[in-house]
Amino acid sequence: MTKKRTGVFVCHCGNNIAATVDVARVVKEMSAEETVVYSQDYVYMCSDPGQNAVIQAIKDNQLDSVVVSCCSPSLHEKTFRDNTTRAGISGFTCEIANIREQCAWVHKDRDVGTEKAIKISRSAVRRAGRNQSLEPIAVPVTRRVMVIGGGIAGIQASLDMANAGLEVILVERQATLGGHMLQLSETFPTLDCSQCILSPKMVEVSRHPKIKVMTYCEVQEVSGSVGNFKAKILKKPTFVDPEKCNICDDCTQVCPVVVPNEYELGLTARRAIYIPYAQAIPASYTLDEEACLGLNPIRCGKCKDACEADAINYDMRPETVVEEVGAIVVATGFDLYPQENIAEYGYGKVEDVLDGLQFERLCSASGATSGHVLRPSDHKVPKDVVFIQCVGSRDPAQHCAYCSKICCMYTAKHATLYKHHVPDGRAYVFYIDIRSGGKGYEEFVQRTMEEDGAIYLRGRVSKLYRHNGKVKVLGTDTLTGQNVEIDADMVVLALAMQPSKGTAQAAKVLKIGRDKDGFLAEAHPKLRPVESVTAGIFLAGAAQGPKDIPETVAQAGAAAAKVIALLSQATLSHAPTVARVRRSHCTGCEMCVTACPYHAIRLENGKAVVNEVLCEGCGSCTATCLRAAIEVKNATQMQVFEMIEACLA
Amino acid sequence: MPANIYLPELARITFIKEEVPGERAIKTFRVEPLNGGSFEHECGQCAMLSVFGRGEMMISIASSPLVKDYKQFSIMRVGRVSAAFHDLAVGDVVGIRGPYGNSFPVDDWRGRNLCFIGGGSGLAPIWPVITTAVAQRDLFKNITVFYGGRSPRDIMYKSELEKLRGVADVHLSVDKAEDGWDAYCGFVPANVMDKEPSPDNAIAVTCGPPIMIKYVIQNLSQLGFADEQIYTTLENKMKCGLGKCGRCNVGKDYVCVKGPVYSWAQLKNLPEEY
Amino acid sequence: MSEEQAYEPKIVAFLCKWCSSAGSDLAGVSRIQYPANATPITVPCSGSISPLYILSAFNKGADGVLLSGCHIGDCHYIEGNYLARRKIYLIKELLEMVGVEPDRLRMSWVSAAEGAKYAQVVKDFVADLKPLGPQDKLKADRT
Amino acid sequence: MEKILDKQRLDDWIAVLTDWDAFAPAVEDDVWAFRPVAGAVRLDHPNTKQPPKGFAFPQREVFFTFEQIKGEAPRLTQKLPQGKRRVAFGVRPCDGRGTVRMDRVFADHVDDPYYQTRRNNMAYVGLACNKPVSSNCFCLSVGGSPVGSDGLDVLMTDLGERYFVAAVTETGKALMTVAGDLLKKPEVADRQRLKDLHAEAVAQPQRAIHDADGAPAKLKASFKSPLWEELAQACIGCGICTFLCPTCHCFDINDEVTGAAPLKGSRVRTWDNCQFPDFTMHTSGHNPRPSVGARLRQRVCHKFQYFFENFGMHQCTGCGRCISDCPVGIDIVHVVNKVTEHAG
Amino acid sequence: MIDVQSIRDAARDLLTRGEVRAVIGYRRGSRGMLAEPVTITDPEQADELVWDATCFHNLALYLVEDRKALAHAQRTPTLPIAIIAKGCDARAIVVLMQEHYFKRDEVYIIGVSCEGGGVLVEYKLARLLNGAQALSAVFDGDELVVTTAAGEVRLPASEVMADRCLECREPFPKEHNVAFGEDKTGRQLAAPFTALGRFEALSAVDRWAFWRRQFERCIRCFACRSVCPMCYCDECVVDSITFPVAPDTTAEEKANRIRWIERSAVRSENITYHMTRAMHLAGRCIDCGECERVCPVNIPLRLLNNKMELEARERFGYEPGASIGGPSLVASFRDDDPGQFIR
């Protein structure tokens, strides 16, 4: 690298900068810098004439690097780098000195401001003096996507992407697609049947030529980076060949093992061999390895004997497949906050106290009670039902600080559904306040109160316990200030939504961040709500935060659109400001390998080697390496060394 | 008070030429003293050049002592100071002190055949001898110049060498053949063997990479040159140039004082520590 | 003017690009005034700040060194700030043990949304540095 | 000029040397060093950790400062040392001889203005070693003497209650003259005591280099001996042996930059050391002394061969510091003996 | 007490059987009673080996030297190299392996327990002997038995022992192939970090006054670094004394080496050097105390490294040299690392 020929361009920003900073002095001081061969000021550097002046100066003075002293790089770094590129030199040789936000706008004294602007500019000049001309790294793209989670979010995203021509691998850890939506009976605000709208989509997914559905599978390991991920997927054995299984149900008839049915949230039982729902996709049975009397050494073998289609194969083993994809959508959904955590409501041990999903199953035509609302303890029709909102939500002291957003709505739905099922029953709803933002939502709640006659009580339930075959509910109506006591037949808790266990697991495997509540963290809460921090990994559905179906579907579509846009390019470009190893200094201690958050470094023949596509240029390696053997291009230790000097001169 | 031997004189760069491109580029610089008073030197002597803020380095004076207006240096870009030198422009001011070291006994060689064998940047230290001899052409008999570089791009003093033709026998070579190169292909020592310069009444002066020097000397001996007829220069790390900083010694002698010019006869008697 | 009032501590502020630098921008956008003592150097991540940068800044005459990054958990590079926290803790302890005023090295978490906080951090730092006077313990004493 | 000084009056003598900055050995954290005299001086030190060579050849010397505004010629400002004359008390005879050797180096071929300015400003008041001050002393075998006065301006001998003070140079005489009546005329008994003590001192057992005279030739013959690597095996290549040696003079020159626009800085000489691995390494990576063996050979041969060949004296005064302080037991006496024995 | 003959036998056997290519150990030096490091390759030399209170050196350093020599010669040895290792030396070897400097099967560790003793400090001994020359020194229980020309002197061990040995928590080399001597892990001669604790009790002003004096005295002989097995870097970031020029080192790299500190041995440069070094040894220094021992001007460098060790232990639950696997201190973190200092 020979000595740089740097041009410095100082912007007045109208009077924004010039009011505090003596721009001419900055120009003069910069011209005293060893590498500076040209310097000027201009009233609006970012304007067309300003930019053209830069181009002209670059050409006239054979500049090979540029410093623009102006506003924050977040505003115009791209502008000026593009401009520099237009002038024929690498955009990465251009540095921004932020003398507006970090100087002119925060200081009034002109001398002081000018002094600081000089330091900031000088520091940028020093950095530019050692910038390498870099070109973005081109990364070839694999035009396939992996979707993790087969709830409505995953299903919608898969369909959208597949329809746009991308190959999709949809990975679901459970035995069927559908997620929580498949458990719902009717959905607010229109009260259409959940399965009715979901099942066709599930079928479409399963038949789509571009979608490979992998149920009962788990993603174990993901390596690579945007454009080129490699996923190791574990296929758990179902011991039933879906191709052969004709869902005759003969096997369950003979299976001697009875276990609680998790799909019915324990409201019913199932056998060791089972199908989650009638509408399950794939339409095939699954043998629960844990529950089965034992595949080894002596198997009971009854189901296999019973299966005429010969679909059962006890020798199935877990299998791992490796899929290469260019992008990943994470749609791993939510779980309900555990009832066991709620002390005041009996830790989930009080009979006939249900959670919302259980109630959905009670209402569902395909559910445990075939759509009859019967209380679990004695299968009688409950006459007094208490619905409690905000259980676990909005309680920073003990539970979740956030609002689960959907509970107001589904409680109203539940009260309505109940009244539809048991018109002479009484529905009490305890609420703190009602959040019914959304199209048709407020009207829905009003209907619940007014038309369906649900009794809304504002207040908290302080305690509930089993009493005389009923559930005693003690609470206060804060509007009247009176204590309320209800002997309920059944209580339905609107438990908070929390990120699913699968979400935590996926975040770990993908090495993507989660927020303080454990939901997947978006790259930017407003501007990049469907992207994770890691390039090429997108978020959809309740895994990112509590939301209802319309919102979930919208976000899934958005994620799909992002992926489609991303993978429509033949190659991706990656910032070239990545780490570089000075081989002669590296001793192969692997400290950088441990420190790198992106797993971008590995050792080869005792020396560190950086995967430039994975490296995000964070510099954690630089600060960790004792020998300065690894540093980020254009943010080298030498550059910082000289910038420190510039700041203190 | 004794004169300050560490205080460089200031000199202005008046001419820069890029000799060889690439990572280990070579540039030729001419400098003229700022305050008139410069030193006189002899063929083979060196000077300490300074780029202030970067440091000093020892460089052979590549111009003939007969040239009084300027001193010429050809510098390879290898490290801190040399790289800084390469960044300088005509008009820039550097520091210079010297001359240091002994010199080629050119006057003793009058009336003899002179054979110069250089490789790479090793042409610079012997260039003043070549140009001095050529300038006093009638004092010497045959003048032969062997010079080789890695590739045609690596040949320094290209046009100057061409100008020597007619006055001297010039045998150029490159290590590896390339289109448009019609002179010798192969290493310098081989070229010497190929052309078989005669040892009769001759002096051979060689300078270049250590490995080249080794084989050139071997070959010269084979051609019948006596140890006293072969001269070369040594290069050891130096800081003061005055025999005090203690690092360039080979045995009892400091190369900066007793060297850098040695006959093979002398060198053979020194411990092998260079 | 007494000497103490005239003394303006020199601060080098290493700001991570994603949060603290953006936070300082927000201070600017909000026109929050704060002392000009701290000259910012933007680094990719607080995790990239080598202890040598800090020592070097002191060696070159900084009266105080400020390091600022994203809040824990918010690091743009996932965990760079965790690594920084550990390293900076160590060097801070070391400086203190040698007898350098611990107030000369300050670390803060400033998010992109905390313009006011950035201004406050600088204000507080300057205020805390003033009574300490010029830093000459690690400053180059080569003349 | 030969005088007697009551031990208690030493401080008075120093006090009257108002034209001089006086230094004497003082101990801090078990390290003896020459320090500016502050309070009572008691010359009961073994030997200082570092020799007094730093008085004339400090570890760091600024040659000149430079300043350059872009596009202009640099301005150089010479920094020749200035200050009051300095006198060091309690310099041991080996270190006195060290000074003689340093003088030779810095006046050889050309004069070193920095060294000489400092040296000319310096006086050494020696103290004879009645007993070896360390178990590694070997001054006798390198031609020195525990009561020798080479390189000193004054030699004092501890007679018990009083010092015998003998001028060696004119400067020494001047120092003594300033003392006036503090210094008394020695009595016969004093002279006899001095004689006895000196005789005893010289007879004290010391470590010995067996054939220092034959060393130059034998070392020369042993240049290629495999013994060097063997003897240097444990050497860690630190700077202790040379930095503590009264005769080692190698140095480095560097530019220390303090500002970039305008460029400001100084050219500085610092001690350097032939035992550091990169001491002779060229930019290309080629190193004429690539191994610990080659570097130990340089140190030993410099002292016992090359220096002798150049100046007719060994560059070792037998102070034994390099032996006592080498962290891994490299022992110059042992090395010289071993190599010379092997050379036959 | 360890019978030195057993160590000699072990070394001899290993060499005779061709199980190792060399044994790094101690032998009697030529200057008085002190031991010195030696590398032997011939079984005959085994009888030169010694083991006593002057076996200060952390021989792991010579494993590093061996590695460097092999790399330079581009050789891959077929046999391991054996080394005599005290508790601290063994921990150093563990750190080197943790940093992949060599593999476990490339070294054969002959562990020697310091049992109730350790190594002595020359100047402490000199103070107590008042000028008499020690001819030999062995620990015997709580005492050091010193022979001088005038006869035997018994000194309280705690007064001559190195601080590092007094405070040692692990005088037994846990990582070893064979070990001699009793495992007295947990012996308490002085509480760990006693010297540090004493120092930290001083006021900030006094602490600075202390270090200022120390750093002004440093002559930058770099013995502290040279002797440290963890300072194995080919080029130290804070200095140009070592200088790795590999075939692929570019002119650029040579020209642009950062001068974090200048060569001048002045306070500011010395302090920057020492602070950097302390940071670099955080989580790596295993408290062999060699840097402190070799310092010719007695700078108590151990305090700096001890401070880092203490913090690593107390704040991060990190013990240097405890395990070969596992991440390095500064390359890792825990969610509950202290952060109260952050504003």
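Descriptive notes on the structure:
As written, the chain order gives the labels A, B, C, D and E, with residue 1 at the start of each chain.
The rule is short, and it goes like this: a residue touches a chain if its C-beta (ideal position, glycine included) is under 8 Å from a C-beta of that chain, and two chains touch if they have at least 3 such contacts.
Owing to the predicted nature of the structure, the values given are computational and were not obtained by experimental measurement.
Using the mean of the Cα atoms as each chain's centre, the chain most removed from subunit A is D.
Interface comparison, A-D versus D-E: the higher count of C-beta contacts falls to D-E.
Rounded to whole angstrom, the centroid-to-centroid distance between subunit B and subunit C, based on C-alpha atoms, equals 53 Å. Subunit B and subunit E, compared by their mean Cα positions, are separated by 49 Å. In terms of their C-alpha centroids, the spacing between subunit B and subunit D amounts to 39 Å.
Residue positions 595, 624, 628, 637, 641, 645 of subunit A each touch two or more of the other chains.
Those residues of subunit E in touch with two or more other chains are numbered 237, 245-246, 249, 252, 254, 256, 260, 262, 264, 266, 330-332. Within subunit D, contacts with two or more other chains are made by residues 60, 252, 254, 256, 260, 263, 268, 281, 283-284. Two chains count as a pair here when they touch; such pairs are A-B, A-C, A-D, A-E, B-D, B-E, C-D, C-E, D-E. On the side of subunit D, the complex with subunit C involves touching residues 60, 62, 256, 258, 266, 268.
The residues of subunit B lying in touch with subunit E in their complex are 23-24, 77-80, 82-84.
Within the complex formed with subunit E, the subunit D residues making contact are 28-31, 33, 49-50, 59-60, 135-136, 233-234, 236-240, 243-244, 252, 254, 256, 268, 270-271, 273, 276-278, 281, 283-285, 323-325, 327-329, 331, 333-334.
On subunit A, the positions that touch subunit B within their shared complex are 2-3. Looking at the complex, you find that subunit E touches subunit A at residues 99-101, 232-237, 244-246, 248-249, 252-253, 256, 258, 260, 280, 327-328, 330-332.
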